[in-house]
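So that we are looking at the same thing, I have put the structure below in structure tokens.
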Amino acid sequence: MTVTAPEKAPAADVPGSGATRLVDRIFKMRELAILLVFLVMIAITQAGNSEFLSEQGIKDLLLNATILVLVATGQSLVVITRNVDLSVGSTLGISAFAAGVYLQDGGNPVVAVLLAVLMGIGFGLLNGLLVSLGQVPALVVTLGTLYIIRGIDSIWVGSRQITAADLPGGFVDFGSGGISAVPWLALIALAVLVATAYYLKQFGSGRELYALGSNPEAARLAGIPVRKRILAAYTFCGALAGLAGALYLARFGNVDSGTGNGYELTVVSAVVVGGVVFTGGSGSVYGAALGALLLTSINSVLPALGVSSVWVLAINGILLILAIAVDRIVALRVANALKKRNARHG
Amino acid sequence: ATACGGTTKEDVKDEGAKAATAGKADPNAETKKGLTVGFLPKQVNNPYFTVADKGGEKALKELGSSYKEVGTSSGTDTAGQVSYVNTLTQQQVDAIAVSAQDPGALCTALKQAMKNDIKVVTYDSDTNPECRNAFISQASADDIGRTQVQQMAEQIGNKGEIAILSAAQTATNQNAWIEIMKDELKDPKYKDVKLVKVAYGDDDAQKSFQQTQGLLQEHPNLKGIISPTTVGIKAAAQYLSGSKYKGKVKLTGLGTPNDMRKYVKNGTVEAFELWDPAKLGELAARTAVALSSGQITGKEGETFKAGDMGEYTIGKNGVIDLGKPTVFTADNVDQFDF
Amino acid sequence: MTHPSDTGTAPVLALRDVSKSFGAVRALRDVSLELFPGEVHALAGENGAGKSTLIKTLAGVHRPDAGQVLLDGAPVVFHGPGDARDAGIAVIYQEPTLFPDLSIAENIFMGRQPRRALGRIDHKATHDATAALMLRLGVELDPDRPARGLSIADQQIVEIAKALSFDARVLIMDEPTAALTGSEVARLFGVVRTLREQGAAVLFISHRLEEIFRICKRVTTLRDGAWIASEPLAGMTEDDLVRRMVGRDLEELYPKQEVTPGETALSVRRLTREGVFTDVSFEVRRGEIVALAGLVGAGRTEVARAVFGVDRWDAGEVEVDGKPLVNGAPSTAMAAGLALVPEDRRAQGLVMDMSIERNIGLTGLRTTVRAGLVDRGAERSRSLDWAVKLQVKYARIADTVATLSGGNQQKVVLAKWLATGPKVLIVDEPTRGIDVGTKAEVHRLLSQLAADGVAVLMISSDLPEVLGMADRVLVMHEGRLTAEIARTDATEEAVMAAATGRAAA
Amino acid sequence: MADTSLTRAVRWDTVVGALLVVVLLLSFGFVDGFGNALNLSFLIGNTLPIALIALPMTLLVVSGEIDLSVASTAGLSGAVMGALWNQGMTIEVIIPICLLLGVVCGLVNGLLVTRLGLPSLAVTIGTMAAYRGIAQIVLGSDAVTDFPSQYLDFAAGRVDGTFLPYAFLPFLVLLAIAVVALHATPLGRSLFAIGASEEAARFAGIRVKRQKLILFTLTGLMSSLTGVFWALHYASARYDNATGLELSVVAAVLLGGIDFDGGKGTLGGAIAGVFLLGALQNVMSLQDVSAQSQIVVTGVLLVLSVLAPRVARQISLARAGRRAAPAPPSKAPAPTP
């Protein structure tokens, strides 16, 4: 009574199998909507200021997005499982400092990056263990670890700071260098992004993250190792926050006890704008990355257009609301289409 | 009063702005020992304030009094600062040296402290004059504003567009300096220098970074940036040194030698300035002790001796000026460590 | 065919002296059960007898407090549902457990998708295998459609497909047919027979006794968590089985009282909700029980939802006692005397984390008020009254409804709505998952309500129930009313003909 | 009924209340400078803004929503108050305008959430930035400090001879109203239902959207009230007033045992959580615990607040299980054939 072999099943007879994969299409439409908003915004800015898309301008855009893209990628994995990690900002800060301290003493940059990632993994594991073993609400636990890590960070760092002068020149140059307009850091982020997306789509354990976010009880009954998966998602998120910390150090050449403070809200915004739903089970890392790109670009677009910085915050907020509203309306349309379609053949 | 009998701004104008003073000064009074002075910086863990407070600690040790530091870990947690003022009041310290996050918000608490016989000295950032006994000004606003414009003009050959990268829009001292810069720019010798924009980076590295990018994109002909804040100048320098603008767009402002050493050496920055924060803290401490000992009360014209630093005279509204800032260049930057 | 145990075949899966308690509730007490290959075994018992608990113990969801699970004669310990699955046990749980955001195909193959090189998922094979399963079950569901929004019946079908897709030696089904109509049940039974012939052991639970007699060979009966008997069904009558379950004889199952209908209470005219149902008109008079029949997905539930106001309608009108209802406003519908016992008790009928008392009290928030505050005493007595009247089995009235068995949850939903004293009562699958004893009780209640002048609209997929209870039968097919059949003409054939669209409307 | 009392005893809100009492008693006994009127009035005065916003926030969270824009709404109403005051308008007119503005802010949140069906977390992250941004546009870099002294005195002063700030009395009234509304009225009851299962609430005839809209509006109103209070209490209206207050409110409410999935919690617990955090911070400052260590303590408390009830439940379940467990089997297991 195994599944009947495909050759015996006249698949073409089943309605809908010929149509494009519906679930995928919905995701793509959401991502396209964000991409469209992004492109329109860039086009308008370019029209208003021809310097905007100069080589340096593009490089800046990409560099600005890099760190947020990385953290948002990790965060989406956690959000997909119907959890959240608010401690990413603190993790980023403390791992950046750890890498900085190591480099300050003449360490090897590669080891420093690894150190930051390991640090991130450590805190990710802590969060993951608390959430999955303790089975307690992620929001509270990670708000708690946000404070704890931030506190430990500021006790450890004190008033010290790592500046570009303390770091090996090669490391700092790497942070702003690249192949013409494409910075090294952006390439790293892109690689991580593509690999994560591929994993989520093509591997069983990746799909299981969606499943357990969609319906945790059903996931348990389906024999999915829920705790293990949640733990993995948090660890991955922590690792990326750590990596982002190392890249932050390279990019800004400057870390103190306030680094990464309040970053969690930016990350959450990016993820939400990117269409990753907080009730879990849906969304994609590409969406989150686009959300991150959109958010950081707004911060570049407004100064480039000469909008007084007094207006930036308000415009930022309104754009954020617009983005999620547009996304929602698209989703509603799709749901309606789905219903009609369903009714036709029902 | 207005027609409808409510309270308007006009009705409350009467209260004069004067430094709080009490009793009479006795310049020859004994310097008291065993006092406790609580330092309350804008933000703990901020390197600048740590250096300043260390200066205060050193002075207090010399004077035989004790030092303590409390404060919030965020630079904008005004409510937190208020509750620290309350705490220090509760603990009955002899004097408080505070760098105020907000000119008005601390007033009630500070007045409460003064009522409990605690002397209040502000340093770096002042409150309303009536809420403290004296203010230690890092340098006169005039000095800071004008010298920065002069330096910038010199570097760009008195010609071209310049911009200012400030901290938060609400920062009182920043705004005072910017006003004076604008005033200085009215001088005919700067007729070819044009201030095109004031941007605000909120003393946040990343924001200052992006504001710098925006300035350069919006004004392709920009010749120079003045950033009168340590966070801003550092972020701007880091961006410039990694971009094609390095060396072409001039940068000056207020920065610490340790932060800026690298950029001075690699040619991103020619010169910048700052007072010595340790001296600022020291003067705050010595003023606090002098107040507690009754040598001064905060009235204009009173003088007191501040150890090795020499004699200081209290100016208008209880303001004490630290002195002129130091200009740092590649030649002298290695002689400083803060 | 001889009985498997007679031929010496060993049971594939067995329970021996298993006990399981939840806090103070002893759900299973020293229960034993043996499942043989090639046999369909029935599990019977009243609501709350412990059937689902037994199944969850077999499936590794619960660990027994005492006793053993035996696989091929050897004791095993399942550390989770995954272990049981790996041992070849497929389970359809009483409540559908789907992933709403994932496609039907992914739902079915979650955790064991066909793989390509490097362990990557073969999406095409997954799709094709799902399409084949759907064909086998004879339903038209797009494998790529997300599970969100599927009707309860469709969800149940996906669950069945999921269980069938396993290479299972043991198939356990907890009320798989509760939401299905005759034709789907027939399909399902066809598949089950094939599986049986291939040597699988099947454990089957249903409160529809005729189904048990149709497909099962032996039956195990539970009462209050205790094992009563395991015996062949051959030679037993339904009454025998009921006596085992209930411990006494049962009165009539369809105690229909003859009532002369009064004036019109509910009148629905040309109601349309685009893409869902079209031009639906009917009336229900006081004292009348009108059944709304049809195949799964015919749109009956949607009509009920629109009438009550949880969904908006696009055209038409609804009147209660001659007064038009506001479109899309359940609160005004309630105020006008309408009540809806919804189809999905877990999502729609109950707040699972709330106590029994408060769930019943929820519909009375407007009436049990004193000086603007909730009158707790009145609330409690109102809840207790109805819980007792409907014989809800609970430990404490302040316990959350989540701890109740499925059937008892259904009773709480009924209680919640009957407590409002409605003029018009719409019940959507009122006896889904309710045991025979209670079913008779519910029927008597509906009858009594009608006799007291309440207009009852009953949606049911249980054809005998429709025929036994209704004064008139309305039949829907693909979103339209296709027939109205008077009680005297209502036969199984007539209703099915209209429901499948074969009859001239 | 031993079980009921047991579960009641380990209910987290009771624990938080008990903890608050313990902390207060210990501090009175052992912490210098804690027990005098001045310090207590400081403590209460500084905690009041959090407590004020915690009232509607608790109701909102119980119904399964959240509002992160509260601090920005407070900032905005403070900024508008400052700007209008600078224009020379009378304060008695300004304050109602500010409150009205809060209503509008809340209404916007509510409409976005209920009409468009957007998640409140996302919406209010957006309006958090938007409202703060508008505040910045309205007041720019000004800091307005010259409000009339009778108002400042009311907001910062205390009842003569006691430690109670004047403002605490109106707060008590609001608290009483909120407690009754949440725990004794049909509205409160339906909020719990909405939070636990929105769909079931809708099927029970509860007007889910309208009630949520009302709640958001109320939250806006209370936030602007807090904004006005803040500006007067600290005698300073700036656009960045109350920045970050939302996190303090959320942390305190969570500490008080309000479940962010909705449908659970008590207002008493939430307010106990608010004052527990306030008291702890006060005591730690008096004991010269550094700000950094205080952050760690807050974090640890939060983690404990969710872990502890969990562990307690596990223990009580285990106990109940042992009590109900059957006596050792009397009959020997049947021998296998």
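Descriptive notes on the structure:
Letters A, B, C and D name the chains as they come in the text, with residue numbers starting at 1 for each one.
Please note the rule applied: contacts are C-beta pairs under 8 Å (C-beta built on N, C-alpha and C of every residue); 3 or more make two chains touch, one makes a residue touch a chain.
Every value quoted in this text rests on a predicted model; they were computed, and no experiment measured them.
Looking at which of A-B and B-D shares more C-beta pairs in contact, the answer is the pair B-D. Rounded to a whole number, the gap between the C-alpha centres of subunit A and subunit B is 39 angstrom. The distance from the centre of subunit B to the centre of subunit D, with each centre set as the mean of the Cα atoms, comes to 36 Å. Rounded to whole angstrom units, the spacing between the C-alpha centres of subunit B and subunit C is 74. Separation between the centroids of subunit C and subunit D, computed from CA atoms only, is 42 Å.
In subunit A, the positions touching at least two other chains are 154, 310. Annotation for subunit D: residues touching 2 or more other chains are 136, 140, 290-292, 295.
Taken together, the chains touch in the following pairs: A-B, A-C, A-D, B-D, C-D. Every residue of subunit C that touches subunit A in the complex is listed here, in rising order: 59, 61, 80-86, 91, 93, 97-103, 106, 110-113, 115, 119-121, 123, 125, 127-129, 131-136, 140, 142-146, 149, 164-168, 194-195, 198, 200, 274-276, 297, 478-479. Every residue of subunit A that touches subunit D in the complex is listed here, in rising order: 130, 134-137, 139-141, 143-152, 154-155, 265, 268-269, 272-273, 277-279, 310-318, 320-321, 324-325, 328-329, 332. Looking at the complex, you find that subunit C touches subunit D at residues 16-17, 19, 21, 23-26, 29-30, 65-66, 73, 310, 329-331, 333-334, 340, 342, 347-354, 358, 361-363, 365-366, 369, 372-374, 398, 416.
For subunit D in complex with subunit A, the touching residues are 112, 116-119, 121-123, 125-134, 136-137, 140, 247, 250-251, 254, 259-261, 290-303, 305-307, 310.
Contacts from subunit A toward subunit B in the complex involve residues 49, 51-52, 54, 56-57, 60, 64, 154, 157-161, 163-165, 172-173, 175-177, 252-254, 256-259, 261, 299-300, 302-306, 309-310.
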